[in-house]
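Naming follows writing order (A, B, C, D and E), and every chain is counted from residue 1.
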Amino acid sequence: MLEHVYWIPLIPLFTSVVILFGGKEGKDSKMPYLGIAAMAWCFLQSSVIFFQTLTGRIPLLEGKEYFLYERIPWLSWGPNLKVHLGVLIDGPAATLLFVVTLVSLLVQIYSLGYMYDDKRKKRYYAFLSFFTAAMLGLVVSSSLLILFAAWELVGVSSYLLIGFWFEKPGPAYAAKKAFITTKLGDCGFYFGLLLLFSYTGTFDLVMLKSHVAQGLLPLEAATAIGIGFLIGAIGKSAQMPLFIWLPDAMEGPTPVSALIHAATMVVAGIYLVARVYFIYTSAPLALGAVAWVGLFTAFLAATMAVTAYDIKKVLAYSTISQLGYMMLGLGVYGYTSALFHLTTHAFFKALLFLGAGSVIHSVHTNDMREMGGLIKRMPATATTMGIATLTIAGMPLLSGWWSKEAVLHAAYSHNWGMWLLGVLTAGLTSFYMCRLFFLTFIGEPRDPHKHQHAHESPATMTGPLWVLAMLSLFAGGLLHYNGLFEHLVHFEVVGHGEHAGGSHAPAFLLPGAAIFVFLLGLGFAYRLYAGSLKTAQGLRDRFEWAADTLERRYYFDDFFLWLVSLSDKLAAACFWIDSRVVDAIFVDGWALVVRAVAAASDFFDDYFVDGAVDGMGTLTQDAGWGLRKLVRGQVQEYLLYVSLAVAVFATFLISR
Amino acid sequence: MELLSTITFLPLLGGLVILCVPKEKVGLIRGLAIFTTAATFAASLFLLGGFDPNLVGESIPKLQYVEQLNWIPSLGVHYFMGVDGLSVPIILLTTLLSFLAAIYSIGIETRVKEFFFWYLLLEVGMIGVFCAMDLFLFYLFWELTLVPMYFLIGVWGGPKKEFAAIKFFLFTLFGSVFMLLGILALYFASTPHTFNMLELMQANGSWSRSFQIVVFIAFYLGLAVKIPAFPFHTWLPLAHVEAPTPVSVILAGVLLKMGVYGLIRISYSILPAGYEWFLPYLIIIAFINIVYGALCAMAQTDMKKMVAYSSVNHMGYCLLGLAAVSTTGFNGAIFQMITHGIITGALFLLVGVLYDRAHTRDITAFGGLGAKLPVYSGIMALTCFASLGLPGLAGFVGEFMCFLGAFAYWKFWTTLSVAGILITAAFFLRMMQKVFLGPFNEKWKDLPEINLRELIAVGPLAVLTVLFGVWPQLILGLTDPTVKMISNMYEHMFQLVR
Amino acid sequence: MSLSHYLVVSAALFLIGLFGALTRRNTIGILMSIELIFNAANLNLVAFNRYLHFDALHGNVITLFVMGIAAAEAVVGLALLMAIYRNLNTIYAEDFNLLKG
Amino acid sequence: MLNLHLLYPEIGLAVFALVLLTADLFFKGGKGKFLYFLGVFSACLTLGILGLAYSSPETYQGLGTMWTVDPLALFFKVLILATVILVLLLSVEYKPEAAHGHLGSFSALVLLSAVGMMLLVSAVDLLLIFLALELVSISSFILVGYERKDLRSSEGAMKYFIIGAFSSALMVYGISLFYGSMGTTRLTEIYPLFAQRSSAMFILGCLLILVGFGFKISMAPFHLWVADAYEGAPTPVTAFLSVAPKIAGMAVLLRVFTHFVPLASLDLSHVLCFLAMLTMTVGNCTAIFQTNVKRLLAYSSIAQAGYMLIGFVTGGILGREGVLLYSLVYLFMNLGIFAVVIHLGNEDGYELDAFDGLAKRDLALALLSTFFLLSLAGIPPLAGFIAKFRLFQSAIQGGWYWLAVVGVLNSVISVYYYMSIAHHMFFREPRRAEPARRGWIVTGTVALATAAIFLFGLYPEPALSTVRLSAEILPARAAGAARAAAPSTGPALLP
Amino acid sequence: MEQIVFYSLSAVTLIAALGVVTMRNVLHSALMLGVALMGVAGLFAALGADFLFAGQIVIYVTGVAVLVLFVVMLAGRESDLHARQTNEKWPLAVAICAVIFFGFWRCIAPYAGTPTRTQPEPSTRAIGKLLLSDYALPFELISLILIAAMIGAILFSRGGSAAEDAP
């Protein structure tokens, strides 16, 4: 089962090609089912691999930390420079395989219902399977170059999917913005790759690991590479400076947001950092940067989520915040905790998005102010969303609790200041999630008309919701039970034990604080949003400026818009220079030379010879000759030139 | 049977036959032209078949399909034709693009006979440049391409065609005339006076450094105009915009490559000291080409002009590869040349398709064509993404290798050039968004979809883009052994650079 | 008298002819000045023959030929002048301005 | 020793000229065309006689009292006769409908000037050179003014005459000074005296003689008559003037100033280098602003003379071969384009728009004339390039880098105005739809010229070897002397 | 005695030449040309070139000067007589003449004071012998030139008969 793992990314790739070119467009095309069948097969394969590796039935290769490592030469130039196309399956890879295929399968099933009335369904499924293929390629690939290739392909497919309804201007602009911002991040990744290659001469992860182990990579190079990869991760996983594209990416269909902007693509950055963790451990400065970036992103994103009214935008901010948590986890040597949080987050965030999708599907609006009291109309969606909200808010014993707790624990062991901010963010998380839940489902319906029409989504949509709900409930516990996940995904840092360092907190402090903060958030949310919104509105008016900055995403958007306008002005200036200056020098310059020579001969003629002739008019001639034009055909002028030349050369030669 | 001579002079034969056909028989003329270009392409495939990439000399390039006969003994000129790993892929690119552009130029209605005569004459010049191994012969073919291009742009071009034609002619001639002086200087510097490139490659040990620098500058003037390197590139946008579509495909696809080929074959191999002196300036020019070209492209509203500036940008990558005197750099430069030929060729064809229908190339005039022309916008999207260097498509590998090679020595400039990639992505996406996405512009509701003729012309290029993207070893297998030999021909010379 | 006297006279004659050719506005004046230059050359030749190369009379023979040539030139010149006079009825050099640029 | 037998071709041609003159009395009006063919026949006959000289060099090559018949002279005589033949043929084509008087005297004058040139090319005595030059000048004064009725023709002739007379007067004065300082006008005898006699008078004498030659080959300061004379003259005469006298002048320059009086000894080479550059640049730059075809071709011929001067300035074997090759190729290029000019001129006049839309009316003619223009500009596959290549080769070998650079830049400028003609042919719409009816003469000349420029362009080996054979000048002086004066001015760049 | 002859003759020649160049009336300048040529003939005599003296008189004084007179009569118009005869570029012409005179002076200086070594004796026989031995070809050539000049003269001075016009 494990040997043919390379089929897992290839099958969806072929299916996407088949779907794109085969079959006919339109509502009732059979292609979606083909897509789902292929994804089901992949899910089956990867879940088997995941469970076998989890339970240890497939042991690690002796002396290695991976289960499978095969490669074939793809590209070779120069004496010994070879790039291989290979597969590397280790703990994180297996986990991610399972997560990606699961969520992708559920989303595809869910989309059957969601996209039911869309006439370009065929193209949608083609892009979805292409995306999954690229994501799986990214997960399994053993060479960083192929990982980068898959990374960009994932970016392109997100561009295609965000801009799926390209007739409307919104999605088109959002798609471009997403691609450009991630491309900006990719430049950092590109720089990291170049630097890496110039020092080690190879892209292969296993070889790199041995290189770093032997200390061949100098410290400042490792730091620079780390920072480079971090910038790539910031771009792709929407961390602090480059997160602006994720909220706008909500323009795409909701299942797309669920798959790409919750569970899979956005975690690519985290996965990359995890994949090259050995570089980061050898460059503490880079690791510190990861931690702080993660922390700030988590906190700021959480604050932004508090004031947002668009249901999908709130979820987007929460995704950014949770990603921040994962980054934090990685930054504080909490390798396992980060990946654990990644897995659990995938489940409940996908659930939240799909739930929101079914709400939007029935209420046809994103704005929570027009919802309210939908629990009566949509019980299934409400309950599943409720479970997810509790999980993410940090209700103990649910999967969210386990993973977030692990991250906070690692943060505490590293630096208590981080832990404090982390707990505060957790509180904020529970506040805005509960706010969301209460606004949509509890309280009296604010828009009676929409309320009447609200109806529960069909089975194809609620089915996946229930599956995800079950996973959110039990997955955390199961994986945490007797360190199953711990065994699968761990990274022993030679100088820095998992629990070593940092003061040991009293046993009850960490979980207690988390529970307290969870309840606090719940209470506040209930107080403000369960009943009438008067008090919330009052608060908002008093802190007008704060609400406004949060609305404007701390003016990051404006900063990047200014940056774009700056580049446009620069481009216009360049083109002006090109057409005026450079062109003038070479074209008119040439004509200038020729005209100069002609002018010189004219000047010589006019000034020197014709001085007197200009007074032609004054010459008293009888009327017969009339006014004579300045005459150039003067034969005597020619004689003058000849004799002048003779005189000049004679003196020159004789006087020598 | 001299294969190289047949490939080079087959189009000439076709051209002469076309001259004899009366003007009215347009169908026959078109048929003849396409048949000739097809035959040339087949012959070049045959050449590829028989070519053994690993047959490589030690100190100087080892040629295959060599044809050498004493052409003008009193001038010391030999008809010396030969190919090696460097020239085979480019010849294939030339014959392929000529064949596809010939198919596309069925759309030309006015003065068809003259068009195809000049067109085939142009092809002779182009192929000749890449096979000639004698400097005199090289110069002869180099200039042979000027006249047909002048007439092709001048007669069938756009509104400002005459000015563009004469500007192109004078610009290139100005450069190549200094190349002539360089060739003469080399002729007199070699002890048994010779134009033979291979002998000159061995003779350069005895030349003084200042001599090599002066001759290098003379050659560089000629080559820079063709590449086009920064200060001499202003003719390119004008010539591209005014040239008819098939001609601008050939112009972008092949003529720009003659400059880079010349840099490797002549400037580097024969004048290493000159090349080594020029390296720091070359990297700066490469950087300017990339970033400046991309920025100018960003500011364009005319689609064709934008693609023209993007060629300036892409050739900047080639220069980057050349600035890194290493196997990676050279391989990257050649790979980028080939793929740029394919991608920009396809891009120009597609822009031509739109222009033939809408008679305007203004990006802002269109909107939401994606819905109306699904197949067309699909191919256009594929080519645009390939052009901005999306991995998995042909554009990425060449670009990446150039960066890899250049990064080893010029860390600062290469890092700055990485910004070029971002700007390239920006202006291509801006164009895609304005033309294909967004609300549908009712003005174009009767635009017909891409027809079979155009599809046949663009199809193979799109397939090749994907093929070379997924499996680049196809080209690298051909060029790598030769490049390995070329790049460490002057190992000792460029040691200090490393 | 010494050779230099004659050379001075011929040089003076040459210069006067030159001056005349450059400044006379009447074409005939120009022709006459050119005749003067021819004569200056003849004078030179005879003087050199007499003073320096007296062994053979090459100088005189050459002068003879030069006279012949001068006569031929004058004939053609005047004939041309008559042709122009009939068409343009002016013989002033400034008026020949039909062809210029 | 008189051995006049060396000059049988010239004597024969002179006799034919006189026969033609008398024949003019009997043939009036239309039947005059026959006289042209008689002229052509006589030129061919003389070529035949010349063939003897080539076939048996020892009997028909040697030294007379004042003249020498050597490979150089023979080569140029052949070229001159070829020009005469082509020009006479073209003049049949010229203005077919106008009634022709005095055809006999027209062709007689052409033959007389041919005799003058043949003597000029083989003369080694300054007096003979002067007389030959005079014969050529006088006959061409008359030829330029031949169309009495056309005001421009007589005015052009008048201007040409005044400057011609003036410069021949200067030349005579130069010869007198030369005679004064050297004691003899025979160039063969001056070599022993040369070393110790280079006084100021000798230098001034040579300079004034140079003025005479400069006028003939339209060198820079003496070129001003060219445009007016070429525009005024009937087109066949312009064609004749633009080729034959120029080639003859170059030949005599080569003989006098590179063989007998080496340039470097008088350090004239720098002056002439400047003059060559001036000629090229002035010729090219003024040609750009021309709108009349004949004036444009006049300035183009000045520029071509400038290129030939490069070979003359650099001296040496390569330079001489370059000049010879260039004159051979120039002859065909120029007569080819003049054939087209005459053909079009008959109906459409001589402004540049006479060429409008020629590609549409007569594609073959348009293509061939484009090849002539490209060859004149020096674009590779054609003969013009090989000739220029040879000249630039000699310049670079001689160390004259700046001369080569200026020459090269000038060929770029020249492309502009040559291409402006092609521009009219290919990019403009024709005024009249139907193609001009082409006589066999024009087609013949154009075909011959195209064959020549393609043959010499693509396979120049035979031309180069004949040129090398005929670059040898008799009486061969001690080889060493000529070399001593080879210029070593170029910076020691060459390793 | 010899000085007197030389100085008087050269004075006559130079003054007459100046007259040719500066006389307002073309007719007068033509006459002056005749006088100048006569002066030159005299100088030839002073130099002992007797044949040339006669030749000068025959060819130049009678032939060319008279011819010029005829043309002046034919082509001259009443208005020419009192028109200013020199164009405005004469200051430049004077400058050029001065420069060239300086050049000549540099050439003539070394020959100052060279005495005559032989006595003049009749030269006609020698010239005749030379003409037919060494200078045979130029002798023939000059005839051709004169024929050409003749053709020109006839052609151009032919009457206005437009019928048989030139090609």
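Here is the rule we go by: a contact is a pair of C-beta atoms (placed from the backbone, for glycine too) under 8 Å apart; a residue touches a chain by one contact, two chains touch by 3 or more.
Nothing here was measured: the structure is a model prediction, and the numbers come from that model.
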{"item": "Set of chains adjacent to chain A and to chain C", "value": "D, E"}
{"item": "Minimum number of chain-to-chain touching steps separating chain D from chain E", "value": "1"}
{"item": "Centroid comparison with chain A (C-alpha atoms), farthest chain", "value": "E"}
{"item": "Per Cα centroids, the chain farthest from chain B", "value": "E"}
{"item": "Top chain pair, ranked by how many C-beta pairs fall in contact", "value": "C-E"}
{"item": "Closest chain to global C-alpha mean, per-chain Cα centroids", "value": "B"}
{"item": "Centroid distance [mean C-alpha coordinates] between chain E and chain C, Å", "value": "6"}
{"item": "Distance between chain centroids, defined by C-alpha means - chain C, chain D (Å)", "value": "27"}
{"item": "Chain centre separation (chain B, chain D; CA means) in Å", "value": "43"}
{"item": "Distance from the mean Cα position of chain B to that of chain A, given in whole angstrom", "value": "35"}
{"item": "Where chain A touches two or more other chains at once, by residue number", "value": "633, 635-636, 639-640, 643-644, 646, 650, 654"}
{"item": "Multi-partner residues of chain E (each touching 2 or more other chains)", "value": "83, 87, 89, 92-93, 96, 100, 103-104, 106-108, 135, 138, 142, 145, 148-149, 152, 155-156"}
{"item": "Per-residue multi-chain contacts in chain B, two or more chains", "value": "170, 174"}
{"item": "Pairwise chain contacts, counting only pairs that touch as defined", "value": "A-B, A-C, A-D, A-E, B-D, C-D, C-E, D-E"}
{"item": "Chain B to chain D touching residues, read off their complex", "value": "23, 71-75, 111, 113-114, 139-140, 142-144, 146-147, 150-151, 154-155, 161-162, 166, 169-170, 173-174, 177-178, 180-181, 184-185, 187-189, 206-208, 210-211, 214"}
{"item": "Of all residues in chain D, those that touch chain B in their complex", "value": "359-360, 363, 370, 374, 379-381, 385-386, 389-390, 392-393, 396-397, 404-405, 408-409, 411-412, 415-416, 419, 422-423, 426-427, 459-461, 464-465, 468, 493-495"}
{"item": "Complex contacts: residues of chain C adjacent to chain D", "value": "10, 14, 17, 21, 27, 30-31, 34, 37-38, 40-42, 44-45, 48, 52-53, 58-59, 62, 65-66, 69, 72-73, 76-77, 80-81, 83-84, 87-88, 93, 96, 98-101"}
{"item": "For the chain B and chain A complex, residues of the former touching the latter", "value": "167, 170-171, 174, 231-234, 292, 295-300, 326-328, 331, 368, 370-371, 385, 390-392, 396-397, 400-401, 403-404, 407-408, 411, 414-415, 418-419, 421-423, 425-427, 429-430, 432-433, 436-440, 471-473, 476, 480, 483-484"}
{"item": "Contact set on chain E toward chain A in their complex", "value": "79, 83, 87-89, 92-93, 96, 99-100, 102-103, 106-107"}
